[in-house]
């Protein structure tokens, strides 16, 4: 049953990918790539990667679709028809695909318990999590503690993207805002569209609640700071679409957003520095409390909060920066 | 009792599947945007009403059932809203149906 | 070793990194620059301390989160990374110290906090790549440094910076993703991400095809990032249209860090373990390096725009670096590592001169600087000295690495003579393109009366500091040679 | 099951090349970015596929399944990071595209080159 399901989903994935590349209408491409992400998320779920599936759904189908659509609203709706045929590139790509497929024949068998992947470091993580951190979700343990330095880097990648977009676009309306027929956010919001507005407002608190659940339940089930940040940002973006961007900025002004971006990243870093001050290594949370296991759990909780805060701030800033470019 | 629940849930889920199929067929074969949305609406509304209770019968009285119920409520709220938003957006963008050319189009909802 | 001392490898990365969020909160006029410069100087001091410890014979290791190595992430500083850290932090500090006025000119005041934050992130990303001993961690920090450098380049005053940076973004992302695929394939076959552990476990892998594939992916990916010919096409425009100071910083170190990762993977992980890996060097890297040297130099000869000319010359110089590595000998690799250091000095100085000129002239073209030596004598004198170092005239740093390269070529047998001839020809080409600028600046009459003055003092001062370093390391090359030899022996698996 | 495993790797290869094709051939800058995200998605699939274990479940160890088999958590952690890197690159890329549109009035690569001549 799983086999049939797997084949079916993978084939759908391929068909969607071809359709995304083929379509000349950029809106269609963007909507299809949202679908692609959802299909990919289902595939990840079949492969036992619940956390990754949640993230891919929140990021691929949610955030990246919103970002692409807001960019389309400012730039162009259609792709220009290709001027020349690209048979050469196609042939090269097909040959490269065949070479890749040939080379993957040497890969270890799928899901084989004796594959090297399952032998060396992975079992250690599974054992050590129960012993040293004592939380059910091993992914969170590896992400936050065993490889917490990577995650610190990840937070700073998001941070860089945030300040990059702010640096590029600032907060001013761009020159194309005037003539632009597609308004991303009406200054007055959707005040005159009764049904979406009522239902949307009803949903916002629940999305926020779910975001907080994902944030603080990350140690027990799939979830964590990044997914939660994406969800909370989605709720506020929804508010901005319904009530107008200015109302959203009244709730969380730009200065606060900058503070969120910097504060979350600093929070993570400072927790790491505490490891040094308390006589151990950077990012060692064990020393945060007299009981090392409690210390680890405390550290994870705080750094996940830091991740969530930064991600919320960055995603909202990017949204506002894009929206301000197309305003009026 | 066990058997009865199983049969009931399978009937519900199969019926739901049939509606999903009909909805998909309609979305492909109908002539214009509004009729297609009408067909797609079937997969949004009647299909989850059938499929999710079917799944709940399988899950029994557990936390999973509560979650399924929450999903059902969520789908029933958002599906029609999305259809409404889509239709009014299409209307405002000037997409008129072939059949309803004569119908007066509201100036704007503002 | 004191307790504080042992934390230096991680402080090297997190000092600039954690200063970045602080910088975006500052909006007084000069404060972002002051804080960023202080953080960069602090990083430079740490790099010097680390280099001194390494030269005293220590290998410095650090386990993050106190988790032991193959499970947690490990940092390791050896001779190679210590040398590169000096280059990266030094370039950043010099550019920041010199660049306050130049950056004020290019970047509006309200955008400066964001700009300096991005600068610090680029610095910490590059430093992070250099200190880490974990393959995936390299990817994360590579992305931090790349994203930050896209931001820096996009600050350029010319609108053409935007398409240039977009091309860089697309090619850089493809490169990083290729690298990620390679790491994934190796992880699949060995089950580890730690570089040393990887090198140790690859030997036991039964089927080598995925590893070969991984070697291909990693090499192509990093070659894209390092702008190794023919994957260099993003480089000339990105360097040309970036703000002048950003070019100083990135030209001195960004591509070199990618070369560092490439050398580390090729020599440390693949070379001892993969059958037939030598072919990759002899049949791909060597001819490509020669082509890079010749094509880069020839394009530079005919290029009218000054910064673009310098960028093409960088393509050629990257060719020298890979040429040394492709000789597959300790002396070749020493020459290669040494040239990374010396070329950073020479090219850093040249781009600093470009920044000096950029303060006074809007369009940096060869025709526009006619007769400028009368008005900006110090600037042009610095240019001449730095140019001599780039060409490789005895008494400058450039000579030392060319000398090592030629010696290494002679060692490699009959083919060596041909290599030496090509090196000499390309040095002559360098003479030509440096001469074109000198000729225009010194011997041509200005078209109209130039009402310009010498460049601002801090900028000129730092330019001369770097120029004098070129001369100093030409006469007293002890430290870089020691570190470079140490690095080469390390890469070839010989314990020094 | 074995065939399915091979199929996963094939889909990885094909997706990778579809993405690369879009990046190389398409002139529209937004389309290039979409291609880039397909390209990265292929890598996500590669990592997650290799972490799957026969009969395993998601690596969440509760009392109920304490002695069960779990899929490898490490590739999942790596891909979580990679997804975040992907969206960050996409956001920055879109920011640049918007600026290009404002400066050049187009987001087609050939037209931009024409203007720059």
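Read from first to last, the chains carry the letters A, B, C and D; within each, the first residue is number 1.
The rule is short, and it goes like this: a residue touches a chain if its C-beta (ideal position, glycine included) is under 8 Å from a C-beta of that chain, and two chains touch if they have at least 3 such contacts.
Worth saying up front: this structure is predicted, and the values here are computed from it rather than measured.
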### Query
In terms of C-beta pairs in contact, which of C-D and A-C ranks higher?
A-C
### Query
Once you find the CA centre of chain B and the CA centre of chain C, what distance in Å lies between them?
58
### Task
Starting from the mean Cα coordinates of chain A and chain C, work out the distance between those two points in Å.
32
## Note on the structure
In whole angstrom, the CA-centroid distance of chain C from chain D equals 29
### Task
Would you pick out the residues of chain A that each touch at least 2 other chains?
100, 104-105, 107-108, 115, 117-118, 121-122, 125, 147, 150, 153-154, 157, 160-161, 164, 168
### Query
Do you know which chain B residues sit against two or more other chains?
none
### Message
I need the residues of chain D touching at least two other chains; which ones are they?
### Response
16, 20, 33, 50, 74-75, 78, 81, 85, 88-89, 92, 96-97, 99
### Message
Quick check of your reading of the touch definition: is the inter-chain graph here a line, ring, star, complete or other?
### Response
other
### Task
Please list, in label order, each pair of chains that touches.
A-B, A-C, A-D, C-D
### Task
Could you pull out which chain B residues touch chain A in their complex?
74, 77-78, 80-81, 84-85, 88, 109-110
### Message
Help me check something: in the complex, which residues belonging to chain D touch chain A?
### Response
1-22, 24-28, 30-31, 33-35, 37-38, 41, 44-45, 48-54, 56-62, 69-81, 83-92, 94-99, 101-102, 106-108, 110-111
### Task
Show which residues of chain C lie in contact with chain D when the two form their complex.
136, 139-140, 143, 147, 150-151, 154, 159-160, 162-163, 165-166, 169-170, 173-174, 177, 180-181, 184, 187-188, 193
## Note on the structure
Given the complex, residues on chain C that touch chain A span 3, 7, 10, 14, 17-18, 20-22, 24-25, 62-67, 70-73, 110-111, 114-115, 117-118, 121, 124, 128, 136-137, 140-141, 143-144, 147-148, 150-151, 154-155, 187-193, 201, 205, 207-210, 212-213
#### Entry: Of chain D, residues touching chain C in the complex
16, 20, 23, 29, 32-33, 36, 39-40, 43, 46-47, 50, 74-75, 78, 81-82, 85, 88-89, 92-93, 96-97, 99-100, 103-104, 109, 112-113, 116
